[in-house]
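Quick one: this structure, given as structure tokens, is what I'll be asking you about.
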């Protein structure tokens, strides 16, 4: 079922489980997929930076994508196809769509520094992959160094009908959501789905500003699902109560580099994956960092039973 | 009293109060200075990015510095002297030290991309301002794009005896504090003061890692003072309880650009400054953002009476 | 006489002569000013990067500007006023205009990454300095990392009537000149003066594309004057013959960092300034580099008598 | 025959010939390979930025490499394997070495900003591709934004024995060559081959500083071969005479973006390839640019018969 502009809920950014020796851990992969769907996620996003995609070769990437797509047939799988060249982007995009992906995600390269360059890049990308593949525009200026104003996003959305979703992770980004929803309201832009990233650290307010959900890898995606539902039901205080309980850990996970280690550690502690190993090159958590995470989990457990874990 | 390596506690980053017409609001400036000292701050840091320093001309900068230094005689005033050239840096540094500042703060320019360039820059800077002025090394890679490893910081500290403090705002930065304190422990680096920035968003754990306090502009510096004391007293749970109550607002303030507007708004709401006006060019908070901040304050007020404010 | 859109010829980028001990060498400054005017330069541009402006403090900058303006009364003096803040920009701009400068030059800060940010910056700058000061838009993407398409430049020129000149140093930049002159031809942009930088390394073709002259610091500005005249007279082959003879040295001077040392060395060898000293921090030419420059001068002397210099 | 530290002469950066409809033009590829070897090139470098590598998919890249390697059995083929991840780098590197390549070339990613990060990156890369593949360190700060001092290069060379060559295209870079050769002379670094890029624009002096030759794509590689021979024979004046005649065109080709179009145009005009077509996205030369190139060729033809071409 191809991705479209009505997509909502949580599309979890999936890490890639490895055995300690560096092989892909397929049984953890299956268990993780089942866990995410069981948690109520509407879909999964794979082969992003958080998924250690650059450490997989082409064959592994395709095999991994196929395995997840088969297993998660009922959910929408979005595949990151950002690449240094359009030929590689096209070949991965066509490959995963043939395998049953719901859509692909594209981020702009860091050298784009004016409107024409940014908009032109996406024209070229869609010419390369073809106009029939639903795609997600990733807006992440802190990482990619490309700044897309609401006006630029509107032009991309207007020019390219196969763009169905914005992955919003500008920071600050609350006014940008309001501006885009304002464009829809005044008829100057067609509706699109907006899912928010940045580890979820503004998700409480982003929902109220008009977001449709989250696309991020926080290790409690079940909480994100609940938060989105509470927000959509207008339960503002309860949504913030839930969010605030998780915020200290959300914040702790939002550390570039170390964040992935924390995320894998918590998923391992929750029994979702067997090992928190990363394929090399990897940076390990220090013993102190592990204690800090355990402390955060124990504090969280006072508010949310999902964080009550057996002792290490 | 010149700044030295024993500095601890909170050095609050001070905004510059303006009248709505753009003039410096001197009576708010005095009231704010008194408020910060009354809140227990050990010092203030002025003429930083958050202080709208680039919107002040040279005469205004010096006048403002002198006014604060006179009023806050008992506290240590640190002045940001980062400049595009060493001549301007020298002239501001000597001027404010003559006026009674405790020290100056220097950040590296963004084009430094290897150890020799980074270390060499600080040698040149200190040669320019003179070896007798105590100075703070500002380590803020997200903004300045210069990455200083613990080893680089150690070389700067070792080479330049007048460096007395690190303003630590790397992100992630917890392991960096541990590494630097480890250097002190193994005798490879002399002790320095470490104060943390980044709006305080990791201050709970930074204190446990060995920081001496905070240098940031969060609009509840009185809370930061209390948090530092609780941490130093070993009251870990109470420190985290206090921190967690403030974290949603700390996080909200940590938005580049909009953060300063929020900060000034909260200080105005607390009665510290008369107006949240910024000198032009400025970006205003939207009505929605103001409502979000009011909501956060009302939630915070359930845990911390300082946030109980009269209705708008 | 204020700068206007009819400006043409050579506005030489002036270095600042220092004594070996770091003091400004005022008699060299005067001699250099006389030499530039005697060489037929229409004006001089001062306080740019090449002029070691960041090594001068505010008082020195103003004094230097006044001295040159007084001495070069018949020529147009353009002063670089790029600054990290609008207050400093305004105060320098008003100061030098009061002293008799013909106009100022402004470059965009490196963080501007979309049309609205770039155009908005210049709106703010002109609001700060006032709409009555003629100014030069500096377009130098390799250094400033801001990319201005012809369309962006057209909007700046259209929005801001006090913009009278483009300092063109994009690379590649030939098509940009053609595009801008095309805008003038089709009536979509008012005429402006275009002077070219980049050490003059494309000046042969830039003139044919429609440039009005050069604004650069090549140590033979007298040759640039001649080249501009030949081009304007339609003497294409003679212009290229002259240019090609100088190209090996033009190219050698076009080395960031070392370029200024070469430039000062050649001016010293030509008797224009007394010393090639730079104020610290400075990087010296190696003995090998000096021999290379002497070799280039001796080869040039076969074609251009101005390069026949007494032995070292 | 694997690449080693004795490599010298010209390794030409090869463009990829396309038919106007975007297919790889294999007969032009063969003719170009023969031409380069006939011109005396010691080797070819393929799949670099200039080779439009990002527009080829994985299968095409491997097929192209194999075809060239088979045809140019007597020469050394170096393949660019820079990739966003080590898995892709490994898989391309092993693939082309199995096909008979002489070595690979690796450039650092732009986010490396201190010595440890830069050196660590190459350790990880060589761990990924294996220690048995001879490789070229590409030092091109203007493009990759990574600055490697002579000291950093020495550490990479010392740590990683399979590094056999430096592709030197820092600018300014003359002193860097002298510094590296100085390290060899004082015994602190083992000898390596140094080939120079940057379109050859400093090759006259680079040879005298100790370079072993050129690795660049200037459309007259036969001239580069001759220049290297003259330099090695100590014929300084004749080398400079030859170089100076070509410098106006060398300079014209050294325009990012447009440079490749010029290069392909000149190779087409020389009968080496059938079409100057680029695969999309491509930027075409304007009619004016073509006339400028023809004018440069006609001027060059007065000094070098190789530039005497039949009229268009």
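Going by the order they are written in, the chains are A, B, C and D; count residues from 1 in each one.
Everything that follows uses one rule, which is that contacts are C-beta pairs under 8 Å (C-beta built on N, C-alpha and C of every residue); 3 or more make two chains touch, one makes a residue touch a chain.
For each chain, UniProt lists the protein as follows: A, B, C, D = Dihydrodipicolinate synthase family protein.
Everything numeric in this text was worked out from a predicted model, so none of it was measured.
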From the listed C-D, A-D or B-D, the one duplicating B-C with over half its contact pairs the same is A-D
Between A-D and A-B, more contacting C-beta pairs sit at A-B
Per the C-alpha means, the centres of chain A and chain C lie apart by a whole-Å value of 48
Separation of the C-alpha centres, chain A versus chain D, in whole Å, is 39
Separation of the C-alpha centres, chain A versus chain B, in whole Å, is 33
Where chain D touches two or more other chains at once, the residues are none
Within their complex, chain C touches chain D through residues 142, 171-172, 174-175, 178, 201-202, 204-205, 208-209, 240, 243-244, 247-248, 251-252, 255-259, 286, 288-289, 292, 299
Chain C residues touching chain B in their complex are 53-58, 60, 83-88, 90-91, 110, 124, 127, 280-281
So, in the complex, the side of chain A touching chain C is made of residues 112-118, 145-149, 151-152
